[in-house]
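The data blocks that follow each hold one structure.
Across the two complexes that follow, chain A remains constant while its partner is chain B and subsequently chain C.
Then we have the complex of A and B:
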């Protein structure tokens, strides 16, 4: 293919892949940045979002749209007792304890799903208007990819408004910057934590559903793709919305470009990029300087 | 440490053959090494269910000999663990036969043990050409890539698909599939426009599908491991307009498990394989009927069925005694009607000789199936001596 269509392909497919990565990872970035908890169970929430959607659609025969909303809400609700009774216990402790606990949660979720569905992949049946592809003139783009790109941009803008402009967002940023001072001005930090954890879980669920055409639902999903999400957060810097966005776009485009130009190296390009960024800027592209818990 | 276990193996082998115990009611022990946990747990689950199905049809005893099964979990390619498990089964559990094994590295690690302890081993899956040469006590009931790719290439040539792009997973079996297909295809006058090597960890297949489309081939030949990778590739094929552009899909399998996930969207996809669940025979219908509802009849489960058949025949021939040479000789040349069709074990290579079918996905009342279009009978394993 000629150079122009090659570049357009890389841009289009790269951004589509990036939006999926972003939507799943942004929740992890926020909860990591806010609560300083290494949450390895994040992939499990994305997975729960997908599986609950499938279960609700099959068992209760509701339309796709209703099932998606129900799954996002249900995942957020499930995350609340997990945060209150389990994860809160390791807030002050070292990262290894946090990682071990949250990986344990991920394993439990994997085993639970495996016992219910078996080791096969499960597919979310998209409604008719999301199937097929759209003809863009120079090539066709699957409809669900286009929807994901739009959704990713909408989520970015919505989150930005929420974090920068809303009262909750102000308190969130205050607690991130200085938890002790936030407590001193009567900001209820523990309620803040629960809400932002649930928000992160809800975003993960949305990302899992949106990305299901790319990352299909299977019991090992929670840990299999965790590396991708962690890479996005590491490259972007934790606690920053635009950091995740930027990292996802960069990683997505580099990964897609190598797939077109040098496919044998495409799996290494993703992680090589991460290595280079972290070597130059260990806190991530937009991470706060010297932010160590 | 290594010398000690080798000494123990030699003693066990000597003791086993010296004490030719009379055919007694003491059960013959069979050790099965397979993944029962982890991402490949499908194999262990399906093999176990298929073996139960075989026993439901053929009885629990082989030639009157009762059998004890010992299962060991080997979740992935791990030669050290494979060797340790085989050692444990041979020395501690005193198995007379080994079965199972998904991954070639594991098979290669177990082969020297089978040779030294003289334990007939039926390989249910590990499909690389080099495996069976490692020990004269190995028999295989799965397939090889040259065996299956050859007929697909011939079918492509017959269908006048002269320009093809291959899209294979970038690992041993994928590259073998690419080489086997290419050799046969180009020998018949076809041209390969591009060899696409897709990393195993790929989740987004769109770039590869677009690159293939840009070369305007008449078809693509695809080999990906079953599960999310094959599913992703097929989705990319469908969503990027390759079918509309007149590019046909020739797969190196279309696992019935993936068909369930793909549903109606898979209709029309062609593939070549040694087993289709819809194969029209009484033996196959009996096999499928005995499988529990969550276990699909597919190439993996039929491997378990046929593997146990070979073990049964070896036990019958050696009358329950531990007589490895009699057992292996009984396996060589063994012929039977498998759910796949008529099969036999080649005396020269100890590999399975079987029909290879070209299938097309078709919609029927119960869902989608692989419908057999054409049969290439009695294909040998086609592993050329390197």
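Then we have the complex of A and C:
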């Protein structure tokens, strides 16, 4: 395999992985930046997305596309009572309490999924048009990777428009900058929090489904990959969309490159990158100044 | 005195559960590990989920000491404590200038990198097969480590009681007050002229010593050292133990570790996933309704015990 081919593979897989990391992590970044909550249960949303898709496809015999939409909506709906009745209770409390409450939630979700599906890996059966590859002339590229990349970019652009240009986005950014002032101008922060939380959960579900070939669905998924998502948020800086994107791209490509070139060191490379970035810039690449708590 | 109570309870356990000494010893060792986390997190407010790095380093150090230098256990304990201190100093250089989520992530990253290094260095650490074939010679030349674990149990228990006595004095001292001041408001401490970074480094390295000693104990009593001693799981478990028992006083560790391990033992014989539900619910309920931990269920008569070491504001 020549060098160009290798580099192209790394780039393709790396960017695809980055898109998945971004889609899942962006919700975490928002809840951290907006509600100042460390939500260790966030990985559970990605996991639920995958598992609900599988369940709906198998039990109700609906096509893949319908199942995906149903899973995303279902995950968003599930997240609402979680936020309103449990997580809301720890806003403003110290990070440790928040982390522990949400880890507890993650444990319960993991146990619940396991009791239904068993401990093995479950696979999402992709429709025929996502298998195989697309011929671009100079070489052919696997379809599913391309779809993930396009999906990720579409989500990024859509999110950007939403946050920067819509009325909701304005209120969101106001509440991130200064919740008290936002409330003083009659922005309903409670409603904002719930909607953002559900949106983050929905995106995580989408990312989980899209990434199921790279991060396979198993009951321990929620906590196993949580470290990755937390890393993206910490490296990017919380509360910043573009920060998460940048961090996901950097970490995704470094991880994939080392997996190709020096597979024994890929985990070290990932965490060493995180170490280096945070040592040099504790607030994350695009985080606000001063290491935020 | 708590130390006396601890000895008495420990002795009782020895006679009531003579067949479960392995589990009892693990509980004692974990209690020491969680005690060191209680010092670092509960007293000084350093939110680390990578404390296993110090524990595992102590375990490997004591294991390697027994394999290559001498099988004498007390020097092995010193080796473990020293290793814990050194790794704590190294990670402290990285962690202690940050706070909040950044500190948490850095602690995780540091421990993960250490884990991977230990994984790769098969020649030294045995990789994921672990370090085995350790032998430990009799404690003080007299007490042989027997198959039933009796010596191991008493050895660990005594180390725990002595450590608790030491740590309690440390926490009740002016230095302990400094730590709690830093925990409650770093800026204020700086403003009144406290050397925050130096104090944090001191308490963190001290925590490292005791975590390393706990690791050494596990290496010596189990006579095997596994990669899981450096794992994120280990750090997270210790944190849960601490929180359940009571983060803000040292004695919380004495309750949290045994409760967690006993529940784990009972629940996981049923099914590992029943365990997760139980611990998940326990966490949720503790955080929502008993944020200061189970120790606050102790009736007011023992108030002196739980309040003397400072409460969370």
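Observations on the structure shown:
In this section, the second predicted complex is superposed on the first by the 284 of 293 C-alpha atoms of A that agree within 3 Å, B and C clash if a C-alpha of one lies under 4 Å from a C-alpha of the other, contacts with A are read in each partner's own complex, and residues count from 1 in each chain.
Basically, a contact is a pair of C-beta atoms (placed from the backbone, for glycine too) under 8 Å apart; a residue touches a chain by one contact, two chains touch by 3 or more.
Just so it is clear, the model here is predicted, and its values are computed rather than measured.
Ranked by how many residues of chain A each touches, chain B and chain C are led by C. Of the two partner chains placed by superposition, A:77 touches none, neither chain B nor chain C.
Once the two complexes are laid over each other on the shared chain, residue contacts for A:86 go to chain C alone; chain B is not touched.
Applying the stated contact rule after C-alpha superposition, one finds that A:136 touches neither chain B nor chain C.
When the two structures are aligned on the shared chain, A:150 is found in touch with neither chain B nor chain C.
Once the two complexes are laid over each other on the shared chain, residue contacts for A:13 go to chain B alone; chain C is not touched. By the touch criterion defined above, A:256 lies against chain B but remains apart from chain C after alignment on the C-alpha atoms of chain A.
In the superposed pair of complexes, A:264 makes contact with chain B and with chain C alike. When the shared chain is aligned, chain C comes close enough to touch A:105, but chain B does not. Note: residues 114, 264, 267 of chain A belong to the chain B contact set and to the chain C contact set alike, using the contact criterion stated above.
Interface of chain A with chain C (complex): residues 32, 38, 86, 89-90, 93, 95-97, 99-101, 103-108, 110-112, 114-115, 219, 227, 230-231, 233-234, 238, 264-265, 267-268, 271-272, 274-275, 278-279, 282-284, 291-293.
Across the complex, chain B meets chain A through its residues 38-39, 41-42, 45, 170, 196-204, 206-208, 210-211, 214, 227-228, 231-232, 235, 239-241, 257-258, 260-263, 294. Within the complex formed with chain A, the residues of chain C that make contact are 41, 47, 49, 94, 97-106, 108-110, 112-113, 116-117, 120, 232, 236, 239-240, 243, 247, 273-274, 276-277, 279-284, 286-288, 291. Residues 1, 5, 9-10, 13, 16-17, 114, 118-123, 132-133, 139-140, 142, 145, 213-216, 218, 220, 224-225, 255-256, 259-260, 263-264, 266-267 of chain A are the ones touching chain B in the complex.
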